[in-house]
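First up is the structure itself, then whatever we jot down about it.
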Amino acid sequence: MSSMAVHSLWTTAAEPLDKIPAPHIEYTQLSPVLIVLGAALVSVLVEAFVPRKARYHSQVFLSVLALVAAFAAIVGLAAGGYGSTKAHIAAMGAIAVDGPALFLQGTILLASLVAVFTFAERRLDPADHGHKVDSFAAEAAAVPGSEQERAAVKAGFTTTEVFPLALFAISGMLVFPAANDLLTLFVALEVFSLPLYLLCAVARRKRLMSQEAAVKYFLLGAFSSAFLLFGIALLYGYAGSVSYATIARVVDGSIGAVDPALADTMGNDALLLIGFAMVLMGLLFKIGAVPFHMWTPDVYQGAPTPVTGFMAAATKVAAFGALLRLLYVVLPGLTWDWRPVMWGVAIVTMLGGAIVAITQTDIKRLLAYSSIAHAGFLLAGVIAATPSGISSVLFYLGAYSFVTIGAFAVVTLVRDAGGEATHLSKWAGLGRRSPLVAAVFAVFLLAFAGIPLTSGFSGKFAVFKAAADGGAGALVVVGVISSAIAAFFYIRVIVLMFFSEPKADGPTVAVPSPLTSITITAGVAVTLVLGLAPQYFLDLATQASTFVR
Amino acid sequence: MENLIALLIGAPLLGAAVLLLGGRRLDKSGHWLGTLLAAVSFVIGLVLFADMLGKSADDRALHQTLYTWIPVEGFQADMAFQLDQLSMTFVLLITGVGTLIHVYSIGYMEHDERRRRFFGYLNLFVAAMLLLVLADNYLLLYFGWEGVGLASYLLIGFWQHKPSAATAAKKAFIVNRVGDMGLSIAIMIMFTTFGTFTFGPVLAATGEASEGKLTAIGLMLLLAACGKSAQVPLQSWLGDAMEGPTPVSALIHAATMVTAGVYLIVRSADIFNAAPDAQLVVTVVGAVTLLFGAIVGCAKDDIKKALAGSTMSQIGYMILAAGLGPIGYVFAIMHLVTHGFFKAGLFLGAGSVMHGMNDEVDMRRYGGLRKYMPVTFITFGLGYLAIIGFPGLSGFFSKDKIIEAAFAKGGTEGWILGTVTLIGAAITAYYMTRVMLMTFFGEKRWQDDENGRPPHPHESPRSMVIPMVLLAVGSVAAGALFEFSGFVEWLEPVTGFAHGHSPISAAAVTTATIAVMVLGVGLAYVQYGRRPVPVVAPRGSLLTRAARRDLLQDDFNHAVFVTGGTHLTRSLVYVDHSLVDGVVNGTAAAVGGLSGRLRKLQNGYARTYAVSMFGGTAVLIAATLLMRAV
Amino acid sequence: MNPVNYLYLAALLFTIGAVGVLIRRNAIVVFMCVELMLNACNLAFVTFSRMHGNLDGQVIAFFTMVVAAAEVVVGLAIIVSVFRARHSASVDDASLMKL
Amino acid sequence: MSFPLLTVTAAVPAVGAVLTAAVPAARRTGAKWLALLVSLATLVLAGVVWAQFEPGGPRYQLTESHAWIKDFGVRYELGVDGIGVALIGLTALLIPFIVLAGWHDADPLETSSKRWRPTQGFFALILMVEAMVILSFEATDVFLFYILFEAMLIPMYFLIGGFGDRAHSGSDENAAAQRSYAAVKFLLYNLVGGLIMLAAVIGLYVVAGNFSLTEIAEARANGSLDMATNTERLLFLGFFFAFAVKAPLWPLHTWLPNAMGESTAPVAVLITAVVDKVGTFAMLRFCLGLFPEASKWATPAIVVLALISIVYGALVAVGQRDIKRLVAYASISHFGFIILGIFAMTSQGQSGATLYMVNHGISTAALMLVAGFLISRRGSRLIADYGGVQKVAPVLAGTFLIGGLATLSLPGLAPFVSEFLVLVGAYARYPVAGVIATTGIVLAALYTLVLYQRTMTGPVKEEVRALPDLRARELAVVAPLIAVLIFLGVFPKPLTDVVNPAVQHTMSDVQQKDPQPQIQNVEAAK
């Protein structure tokens, strides 16, 4: 029969075009994405037509404006009840507008906003040939150390392209957690991945490492997205559709859409399970869960630090959003299949991240591994498979992203002749040199370690509580053990900063412009507020914890 | 009247506080203040004594409750005092002898720039000792018990710059602590048995307690007594305690504190009466100690150490008597008091001798001193006669009674104990005569002291002489006084009294006592009176050498406890560092090593990373399928 | 002919691509292997579309091509810049960062 | 809504800490005085709390309760029982002396940079610790307590690692290394304990649904909340482990000697006399209060560990060469007594244990601070470097001796009362344990007097010949402490009056009755 159906499709396609019903798009509800996407396009035009001198300012202005506007739109939608009562699926079933989506998009936007501030920072490095410089290469295309590069530096070029790239990435991230069919998921993934690959490559200092990071990230990212795509294909083959709703219904058997031919050849659910596993792998790669984590330390170390902070925060938020939606909306019927698997992943991620971090000597790699361990904690919350699990993960993501960006922002401040001094030995005695910076960084570290009165503790407690409630007590124990291990290396850095004598050739702490200062202050503020009085945000997360189906 | 009891303790306590906190400005007047307050306490004692005599024998006991010391659910310790005939006896002895020795010290310590503190400590001791004998419950007694321990620690180590003194002080305190352990355990048993540890109720209720419990309590009390009264096996500290200034030796380590053990046992008479096994142990300890002390006393050339051995032995008599039960308690106390007089007198005499001989203590370097310090000679001589039990003097009466009682114990143990006491009497006579001869008779064997000053013996100042005289009077008269003034009836209401029925007549015992006394004296005279005393001690027989070393008992302690303890602590320190700590550090190291190994996987090759991803996916798929399969 | 066979072919191609990524050194070749994997996905999509008799799979295939094209652009840009810097396209040479 | 006295009592030092930290670098002395005043103000407030508290009244008084984190079932709930009052009193009493004793410990060295303000930091941290400790004694919400229990590690950590004892053997680098080792050890031990407790706290929430001590206790009493035996035991162990690390109980004690040895004397006092008390306090209030059955189940094991602590700590103390490490091991022995008293489950034992917490705090403070003065004079912590000090500095030696006598719990000084109560209480329930523990009093005499003999007596060593005697400031630190020791030694009633009712509550928590004496009608016989 199938051949007939296909033929009939061809014939209907032969009808006059105006018969095709125009897709119904809710522009207001998609406005956050559209704003950022639009701004991205505009800033490409800016790159094309605005004179070089004016580009930096116009780009910064444009990006900030776009992000603020998008966030305002989110708030408007949330106030309009799209997060709860009016939550529904927009754009012909492509994009969900519901609590989790809005919450995560809001988080992504705020994180990106402060991240963009660090992008725009131009006071850390001394002016080069009288031109202010930021963390990005004068001309990314130029070969490192080549005559061309020197010329570009002399001319005071700067890679203002980072702003449009960032905006594209952000728009992709905004769609990712809201994607309501697998195709949108895949496209969104690529939309935010590709710009990130490029952003990794354009560091000003240590360009070789930067490019290497980009290559690794790109190849592995493409590799993983290929798996994701094949998984999607299999799921499509299983359910005959890529829309979450349909797949979910097929999975829990309310409609049996499986082609009998498939059914008997492929055997019961092999398609479903294998497909699920491969999609999962694609997402776990972005999350940086063991054993799909190995790109993380290298990329985090090589990429320009502002980009690293941006990636570490925003990518995680987006990826976890997508993961939550996949597990809770598409495969609730499969809970008993995926839970044990995720248990394993969570455990190895928590322990692996914490243990390997102990022997790291580079602050950025250290933070990379810490982010892996945190991914493990978050997975524990995901596994809870309860509303409180969702809300706890949402809260944790919010708390964590600000700590991360703040921490990396501090890393950008500690510099010596070779740019940022990321080797731990250089950080010795920082507390004596500049107590304030060291204290701030200590606050972030304590938050990472989950010491009470910091956001890290509230978040950790929330996810562990959810996990225990969801019957994953063993995970909590493992989590506790690994946080004990993790505590060790956070403490090590603090010891280094405060208790060891400063070295003579130690790094200097650059005095940042208001931009970075705002970023760091925001980080500290969020850390302490979420630590002392998290209730309001917990409520927010709880309200936002129901997915639309 | 009973309100005076607190004052009794308060006066010397005040003295101690003022003298110790007062600072240098009291250096001039301090000793007078201290002496005065001790005297005040003595006077109050006399007043109370007079009042007590005025009452009928049965309601002589006074009680004073100040406040509740430790009020805890089911556990009541009162700051309350009980003054009965027994306590009264001690009060008079302590304050009386104490005052005399305060006076003596004024002269003896004249040239010591820390004299003020010395008197502070003395007052502290008097206060604590009074608390000990006046307490109306065992916990408060324990307070005083450790208080005198502290005072003795401070006074033995008064010349702290001398390492030997410091060591002796520490040793005394720690050995005493072992005894104190016994006392506190005894109190615990009482608390769990009777629910209280106040004398009245406890002693009244002994009838209802099981004998096992009472024996346990009794033995624990005995342990305490051994510590405080330097009885075997806890006697080792007393000899070293002679490092302290001589007045201290006289007051604390002869007359009063060391007799606290006897007080404790007599005070707990009802408990021991109901626990014969405990009593037996008490008598054994007493017997062993009296021989032990006597033998040691024979071998020592240090005059104070010889006297210390004698003290040990005499207290052995008392403990033995106390162990005999109702037939002995009274005589134990009686001997205690008389001993308090003559032994204090002897020590003061010794002090006076040393005072004249540049603090030389080796009797082999004395000799012929009777011409140079006649008063000391006479007083010391009277004390000597008293202790060897010369008929008519105090020691005669008290010791004779104990020997009688020992025989009266009856049965084989009666015979054994009696014989032991007799032998003891003989040895006492021997070593005391030895002391007497070596010190006051024979030719001069004086030596220059370390900084070459030749000794120029002279009679001590009046402040030192008067107390010696008074004590001599006491040691002469006390015995007869007690004998004929009804000391027995006086104490009976408290301690109870039963006439022993000795298998041999009192007269026989008396003659035997006198006989052995003469024997001992004669032997000593033959050895030390007839032929000259070598300045350097001869090697001597095995026994002598052992006795010089406290019959090796001290060496035993050192080998077992000191050396063994040191090794134990050393090894524990090692264990703590390498085992207890090592486990933790080991875990940390293990995690670190694991980390280092895992880290190697991150080799920087993109292809390796891809492999791990590929493998991970494979595992993921396999696991998912597996989950469905099972 | 049974369309399922196309699925087997797709799976085969995908595996070949994946193995290629794992064993080949030259970044360009590795990248081509990734492209092979993507195309294997496309084949699977089209086949499933045929079996289910709806067009979604075919539409997705077009999306995939576009995405692949975009990846080529970005990928080649990065790889070429690295090549110019190091005069080598071997992924194993790019291992400054490790441990 | 009455006046939030408890909150204020904790808030004053907290605010004071912030202000002190804010004092400009040049105004060092000002910061010191500010800290001193704040601590005295806190002392006054603690006095008010003591006065307001009615021993006869309800179990928890001066209570406050506000919503905090609804999602976690957490409320900001405060309230004090007698034990809390006593320990708040201890804390508030000691801090002024600690501040005064540490007057010069944090003066910056010439080498350090202008922006580095150690003095301000030092005193600010001390006050911050005080605030957290006081609040933890007041918290009747398990979660609130846990947060403080963990958070107070951070300021302590910086106090230990940042302000080491300047009197050290070997090079500065070496000393710095040892110091940070001690600090890290302290932090990791307690952090691990805390994290294990965190798991238990979460478990408690899963079981009970909220964290209010009173509510949970009620629910358990009226049977509306019954834990499975194993659950209760696991939770108990989770809590107890954390407290046993903090207390510290053998074999989790090894962090204490390092921490006390490397930190300045005042900080060492802060650790052992104040912060560690939170551990034993929590055993009494949370372990027994929340998990009575499990407590009874675990008692035998814990009693054994406590006995090991007593004897082992004392023996190892005898073998120490370092004055401060010696005091540390002595403290371990004493904590053994406290824990023994708590788990003897008798009125005497628990009252004794509570008194012990207070008395040990004061006596250790006296001994350790004098030791600190001595060490700062000679610049060495090694016992062997001293000798004959009492000749040149009699007052110092005298106070040191009194501190030592308190440590060996001589009658007439406060520790005797508590120690004897603990022994009697322990004996009443476990005679053998009582007897073994009693050996501790001999060992205590041993290590104390050996220390005194080696440092203070004997011929005067050349190096100590020039040591000055106690100065006015130092005397002002020591004298009051000694006065308190003597007062509480002869008249502990004020303390027992407050403590007894609370102990009775705890006893009823664990449904334990005191063992009765075999002979009842003794009083009749009287």
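Letters A, B, C and D mark the chains in the order given here, with residues in each chain numbered from 1 onward.
The rule we apply is simple: a contact is a pair of C-beta atoms (placed from the backbone, for glycine too) under 8 Å apart; a residue touches a chain by one contact, two chains touch by 3 or more.
Chain by chain, the UniProt names read as follows: B = NADH-quinone oxidoreductase subunit L; C = NADH-quinone oxidoreductase subunit K; D = NADH-quinone oxidoreductase subunit M.
None of these values were measured; they are calculated from a predicted model.
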Chain B and chain A - chains in contact with each: C, D
Far-end chain from chain C, centres as C-alpha averages: B
Chain occupying the middle, per Cα centroid: D
More contacts between chains, A-C or A-D: A-C
CA centroid of chain A to CA centroid of chain D, Å: 46
Geometric centre distance via CA averages, chain C-chain A, whole Å: 24
Whole-Å separation of chain centres (CA-atom averages), chain C against chain D: 66
Chain B and chain C, separation of their C-alpha mean positions in angstrom: 97
Multi-partner residues of chain D (each touching 2 or more other chains): none
Multi-partner residues of chain C (at least 2 other chains): 18, 21, 30, 91, 94-98
Of all residues in chain B, the ones touching two or more other chains: 599, 602, 604, 606, 610
Pairs of chains satisfying the touch condition: A-B, A-C, A-D, B-C, B-D
Chain B - residues contacting chain C, complex: 599-600, 602-607, 610-611, 614
Parts of chain D lying in touch with chain A, wherever the complex brings them together: 67-72, 112-113, 115-117, 146-148, 150-151, 153-154, 158, 161-162, 172-173, 176, 179-180, 183-184, 187-188, 191-192, 195-196, 198-199, 202-203, 205-206
Chain C-touching residues of chain A, taken from the complex the two chains share: 1-2, 5-6, 9, 140-141, 143-144, 183, 186-187, 190, 194, 197-198, 201, 207-209, 211-216, 218-219, 222-223, 226-227, 229-230, 232-234, 236-237, 240-242, 257, 259, 261-262, 265-266, 297-298, 301-302
Chain A contact footprint on chain C (complex, rising order): 2-4, 7, 10, 14, 17-18, 21, 27, 30-31, 34, 37-38, 40-41, 44-45, 47-48, 50-57, 59-60, 63-64, 67, 70-71, 74-75, 77-79, 81-82, 84-86, 91, 94-98
Residues on chain D engaged by chain B in the complex (per definition of touch): 189, 250-251, 253-254, 312, 315-316, 318-320, 347-348, 351-352, 388, 390-391, 405, 410-412, 417, 420-421, 423-424, 427-428, 431, 434-435, 438-439, 441-442, 445-446, 449-450, 452-453, 456-460, 490-493, 496-497, 500, 503-504, 514-523, 525-526
